[in-house]
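One chain, subunit A, links the two complexes that follow: it is found with subunit B in the first and with subunit C in the second.
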Partner chain A sequence: MKRLVTSLALAASLTAFSATGVLAADAAGPSSDDLLKSATNTEAVLTYGMGPQAQRFSPLTDLNADTVKKLVPVWSFSFGGEKQRGQEAQPIIYDGTIYVTGSYSRLYAVDARTGHKKWEYNHRLPDGIMPCCDVVNRGAAIYKDKIYFATLDARLVALNRETGKVVWNKKLQEYKEGYSNTAAPLIIDGKIITGNSGGEFGVIGMVEARDAETGELVWQRPTIEGNMGTLNGKESTVTGKTNASWPGDMYKTGGGATWLGGTYDPETKTLFFGTGNPAPWNSHLRPGDNLYTSSTLAINPDNGEIKWHYQTTPHDGWDFDGVNEFVSFDLKKDGKVIKAGGKADRNGFFYVIDRTNGKLINASPFVTKITWAKGIDIETGRPIYNDDNRPGAPATGDAHDAKGKSVFAAPAFLGAKNWMPMAYNPQTELFYVPANEWGMDIWNEPITYKKGAAYLGAGFTIKPLYDDYIGALRAVDPKTGKIVWEYKNPAPLWGGVLTTAGNLVFTGTPEGYLKAFDAKSGKEVWKFQTGSGVVGSPVTWKMDGEQYVAVVSGWGGAVPLWGGDVAKLVKDINQGGSLWVFKLPKA
Partner chain B sequence: MAYVTRRRFLSGLAASCAAVGIASALGVPRSAAARPLDEVMERGRLRVAVYRDFPPFSFQRDGKLVGIDVDLAKAIAEKLGVKADIYEQIPGETVSDDLRVAVWRGSLFGGELADIMMHIPYDKQFGLMNPEAVLFGPYHHEVFALARDPQRVRSAMLATLPDEPIAVEIDSVPDFFLLGLQGGRLRSRVIHCPTPEAAIGKLTSGEAAAVLAPLSQVQAALGARSEQFPVTTVTLPGMMTSNWNIGMATKENSRDLAYSIGDAVTALTEDGTMGRIFAAYGVIHTPPPLVE
Partner chain C sequence: MGHALYQAGLAGAMIVAAGVAFAAGSPSDPLNSVMWEALRDQYFAGAPVVFDDAVRVNAPAAAEDTRAVPVSVDATALGHVVEMVAIADLNPFPLVLRYHPGTAAPYIATRIKIQQATAVRGAARTADGVWHVSGVMVDAAGGGCSAPPASYAQKDWADHVGEVQARLWPADTDGVARLRLRIRHPNDTGLVDGIPAYFIETLRVDAQTPGGSPELARIDSLEPVSENPVYSLDVRPPPDATALVLRGRDNQGGEIRATIPMPPPGAQPAMRPAMSLKPADQPWSVGQ
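Then we have the complex of A and B:
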């Protein structure tokens, strides 16, 4: 109330602002402190993950398992144009405006009350870019007077959040070398922090921090051991120890892309970035753990130094990669509170890790079938491999014409969980994990071609494990690793999850529904058909005394492009591109 | 002889495109209507995709797009009596991705499909994996070759390669071959380069004692220096693919265009144009062996 009075007083003196209805106190925009505290701010959604820890939890309770049946659509906004395909964004909400990214590197500012478009930024993409996995974008970042997002041609764009005019536009990587960027940036203490994606070959993963005001580079941290980091334009330290887990010069091109971005824990002042799979594909050619691929890295946000690492799939031979988000939470166990983090890895295990030192606390399967490992040794933190299930090297021994041994591996390379973010509810003390039940035939394949030349790739065919479902939203108890409840979905789940203090869990389905579940029992309590597949991440906030929910709709992503038999299953889902807003009307 | 007969037949078809146009308007099935060739002739333009930054086949030199594939595409267009409209395509992860983007589905970002794409492997197995495209007109036979510093690598026998640094293009068949050779004996000596050209640079600078790469790229990059660095073609034991034929691709419904261009390739090979185009970039043309 005090803030409102101040605003009005200011507005009176600044007629230009009051004429356009913008409150001067908000014109400065969210500060670093606002972003750090965004998890408890119910009037706005300031960060990707609804808080830097990315718990995707809202303390709001107006909407609950009883009242949710009254949740109704308020308006829908079309992204327009002929461009549709996958809409994987999470909206940012501030000061009565929704900032949402669309496919093809588009950004919209929409009036949160009316659905009226304030401005639209359509990034001009160069001819001939080749993103590997659809033309998605996962969201924007807001800070002070600017809104930021990364583009398919691997640039980072800062725009004035009132006008949509570009303030700066920096190259992150070279798109001609196959780089792209689809993740939402993270802003900590005035630095905008991004990962890298694309470019499977000849590339190493990188985490980079830039000054959010100017876009100038502050530090870079390569994710592969042996490569040099930078700080303030000078060389800083080498990642890991050169050649400790890589032969020859292979560390220079070892993979480990950080394509999903990262999370941040204000309590331990630590960034967490997941890293992708190692290159080359055939694991027999790169003996060793191949650090730090398929890992979570804990990084100091001030200088880019690595605090600790935890590798989920050492010597990855299945293209699992380890980019999945690391979500900080307080683990209450045996009367103690442990600063922990949860990670549902593509390899099918749910890891609970001490976030102060990277030590494994617990690891348990969150899918029904895992063939590559028997389990994770809690003492050593290492997987107990099923050696028979590693795809064979092509042409071993005398079998000169052999394609490598074909194995059936589960999960499939699209992962027990792919990019779509899970949620943690501190009240139910459960994680809500969007999982998929599928496996793959995989072999190292001798006949394929790259750039007109013979090439040894990997052959794979994705197969559902069950006839009646692939997707499964699962409530995982981090204390025990047990699955408390599950919701089975016919098509694979590909959208993010939201949970609330109102005992609710929201997620979307490719079949077009936004659904709500009772957070304790898993009972479906509400659904709404959005007209196209939902593969974005829902959010909730309070405005004018009413609780709102927003989600984007538009089917796409990697499943229709890579899914084999699964792609056939979803081929009749229509594309789309819209933002849906719902509210619980005042009684 | 079969070629000549078909060429005559096809040129006849092209000449009577007006009649075919009427036929297609009457709803005659597409395969019989043979539209894509008509469309190319009617537009007077052949749209051709070539790889970007791919010397000696397609690359920028002094701000101009040049190379073997570029010159060949121009010669083909000239044979058809149309203009060549050549554009550069960024290579995808595999050639299947390139085919999808260039000739059959198109880019997610819009733009015109190519009528043909150059430098596509002509391989029956690979063709079966890409039913949406037609592979045709093989014009060159590619093999792997070892270029070496004879003082450091005395013989071109792969099995007895000495413990010396050897440069390759990253993620190529020679790369995987050497990493896996004899239990990984040379694994720590492999120098990974972004292109075969860069690998040759390592050889001539003395950083590497040898290079293993496709012969045409080795020949073009070495040029006259092949006198100091002998080049020997090799087969890579254990690898299924040590040599392959290079041709072109078009969309599945454009077989008539494929036949017509295939005949142009035959004519350009017979009259010596093909050999001259390759020679202009320091590459010896090897016609594909006649198979199947």
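Then we have the complex of A and C:
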């Protein structure tokens, strides 16, 4: 009885608070316009990427290379349960609440001031989900009164952000065919836009837009040429030209998964989605460029039509997904301002591309060793291949079970940079790229497509390139392609990067640290041990006059699953699952 | 059980004015359940409550399977009823369901999970705002609410969630037709470590008629309803109904939808409890 009375009293006081303490605008939630302007809103973190362009730059200056030593933890929140594994989320912060996703398709609303849990949504996953690279989720999307996230069984769930009650739950794809979804959705002009995962299962990459209120499909754009798109329930246009760069029927299982989601540039009104590797891995089975795999697609958000594409690895044979985020920025070069975009590709090159037309401006290595190409031809935009570094075709005829010639290639298939998002600082005019130095032995094997089964046709094992480090946080100058500074980390880097106008760069390490660096010099100026590996993306905002930083902690992701020799190096890192919040106290 | 009904009858004779349910003078529980006062405040807060054996609750005296104990609540003796609830006092989630009969007769039967021996209650709110409460004791071995659903043992359980089996019998002379629904769903309480709560929350039965689709009845279902739940209702389909439509949703936004055909010509109405033997003569009746 006593307990009941107490909770009644609490309910009464909460009602009183919401009647007086909360603005009407807050109750309505963020509008489309708020989302488009979220990069300059320092009181909230409304979008994945801290702005639709995903620069992950905060204009806040309270925290700087001097004051950062006073940054202290305020609270930590456990995701609970037995379910740990990789925590790769970026928190969303709005109106004193942090919305953060956890492994195994979980979503939490937590009071940003106290760490008190408001609600938790625990998605009931079927037994047969097939995520390739750990049971992660990279973040939620907020719009008006709802919060959204995608699940490992390839569904999109909309919840009331105050109560955590499900408003709708839509199937994106059929999980039994290998589809899943781990990326944060993107919301532009009332449409919620998602990609898909499942590139190792011969699925078709897809970008889809739904009405954010109802979840009803507006358009679909397959990423592989020859497949039909839709608009308002009717067939729209075929992607590319059928069989222009794919033999026979292979385009029907061609891969190109858009598993990392996309970014948006309000200035050119363009969506940018990266596409994954072609399927199967064995490139000898699919002569041609295999468009639009391993590419960046510029897409019209109104109808899903492709404006331009840039293919980073034509006819990929090394699992060099092109999903890496395309970050719009103003390139100041030779007295001009060029509407450009930066992309640190899995294949080891950092690309600067004109975002109005997809034309290459510059491409330069951001890792020390690239074996598969000598460079990128600036005129044609195509790689200059080292043909003998392509793994050989499996033997045919009587010896058809024999694997093909094995090669040692760098970067490894986990990429010079994998999913972890880089940051761009318009004040230092530098990109901060979380890179990894590793190579692999890779060979091809015979393969046939079977629905819902892995469609690789390749064997591989990863090897570190150096004894003393694998991870390297690198400051890349997009004007020259030069590396301005680097921080070397023993374990592979697997977390996102944040940069601020306070001349700071934050990122996490598998060893458990959240670290801060001087954005100009690369000097490490602060670190905090979170208790498990940090593979999420940090954010910062201002609340009650103080600057806060939040990051999730929980080791996992693809490295321990696919890391070969490297998995051995990281096997003693303990798992976890928590949200850490720090602040710079007033005076 | 006979003793409990006798007490309920006595309590039902007491007259309780609106607003006194909180007062010390509120009727004491004929079933002597330790949870009664707390549950009364939680589920009937502020409304007048009487114990009334015009509401008939049927459940077995001892549960054979604590994960699916048949329970029926029949308030047809009260005439028009606005809302009904079923409560299992000692369950971790005592409230089983809320039923909004609409135009249907005030009768609902289902199967529920029981965590331990408990009072199982039915209550019906009449148009004057009074809750008429009755109940029985059900003896049980422990664990019905915290055992994982049996269907999880099958690898393909997720493929069948939301499947509906339904049957509508022809209306009797009062225009009342028995409707039985069976829905494939784990209806999981979330009490098993590491398995999220996953249960049906709302069900609504509409009639399909040339002039529109009027709502016939609505159920707010909760965790204690059994896995693969079965519901029996006594609806009143309009004479020009061409089919009934079931629409439902679970707590994860999963949608349930089924069209239920009208009974074939020549089918006989179902036998309803109101037409059957008296409960006293049929102590094991489960109302289904």
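Note that in this section the second predicted complex is superposed on the first by the 544 of 587 C-alpha atoms of A that agree within 3 Å, B and C clash if a C-alpha of one lies under 4 Å from a C-alpha of the other, contacts with A are read in each partner's own complex, and residues count from 1 in each chain.
Keep this in mind: a contact is a pair of C-beta atoms (placed from the backbone, for glycine too) under 8 Å apart; a residue touches a chain by one contact, two chains touch by 3 or more.
Values in this document were obtained by computation on a predicted structure and should not be read as measured data.
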{"item": "Partner chain(s) touched by A:Gly81 [first = subunit B, second = subunit C, both, neither]", "value": "second"}
{"item": "First, second, both or neither for A:Gly457, with subunit B first and subunit C second", "value": "first"}
{"item": "Which of subunit B and subunit C A:Lys568 touches, first, second, both or neither", "value": "neither"}
{"item": "Which superposed partner A:Lys69 touches (first subunit B, second subunit C, both, neither)", "value": "neither"}
{"item": "Partner chain(s) touched by A:Val167 [first = subunit B, second = subunit C, both, neither]", "value": "second"}
{"item": "Which of subunit B and subunit C A:Thr253 touches, first, second, both or neither", "value": "first"}
{"item": "Which superposed partner A:Gly128 touches (first subunit B, second subunit C, both, neither)", "value": "both"}
{"item": "Touching partner for A:Pro287 - first (subunit B), second (subunit C), both, neither", "value": "first"}
{"item": "Which partner reaches more residues of subunit A (counting touched residues only), subunit B or subunit C", "value": "B"}
{"item": "Residues of subunit A contacting subunit B in one complex and subunit C in the other", "value": "127-128"}
{"item": "Subunit B-facing residues of subunit A, complex", "value": "85, 104, 125, 127-132, 134-135, 176, 178, 200-202, 247-250, 252-253, 279-280, 282, 284-287, 393-395, 400-401, 403, 446-457"}
{"item": "Residues of subunit B defined as touching subunit A within the complex", "value": "51-54, 57, 87-98, 101, 107-109, 111, 119-121, 123, 125-126, 129, 142, 170-173, 175-176, 179-180, 184, 187-192, 194, 214, 237-242, 244, 246"}
{"item": "Contact set on subunit C toward subunit A in their complex", "value": "37-38, 41-42, 152, 155, 157-158, 186, 188, 190, 193-198, 251-255"}
{"item": "Partner subunit C, residues of subunit A touching it in the complex", "value": "1, 4, 81-83, 122-124, 126-128, 157-158, 165-169"}
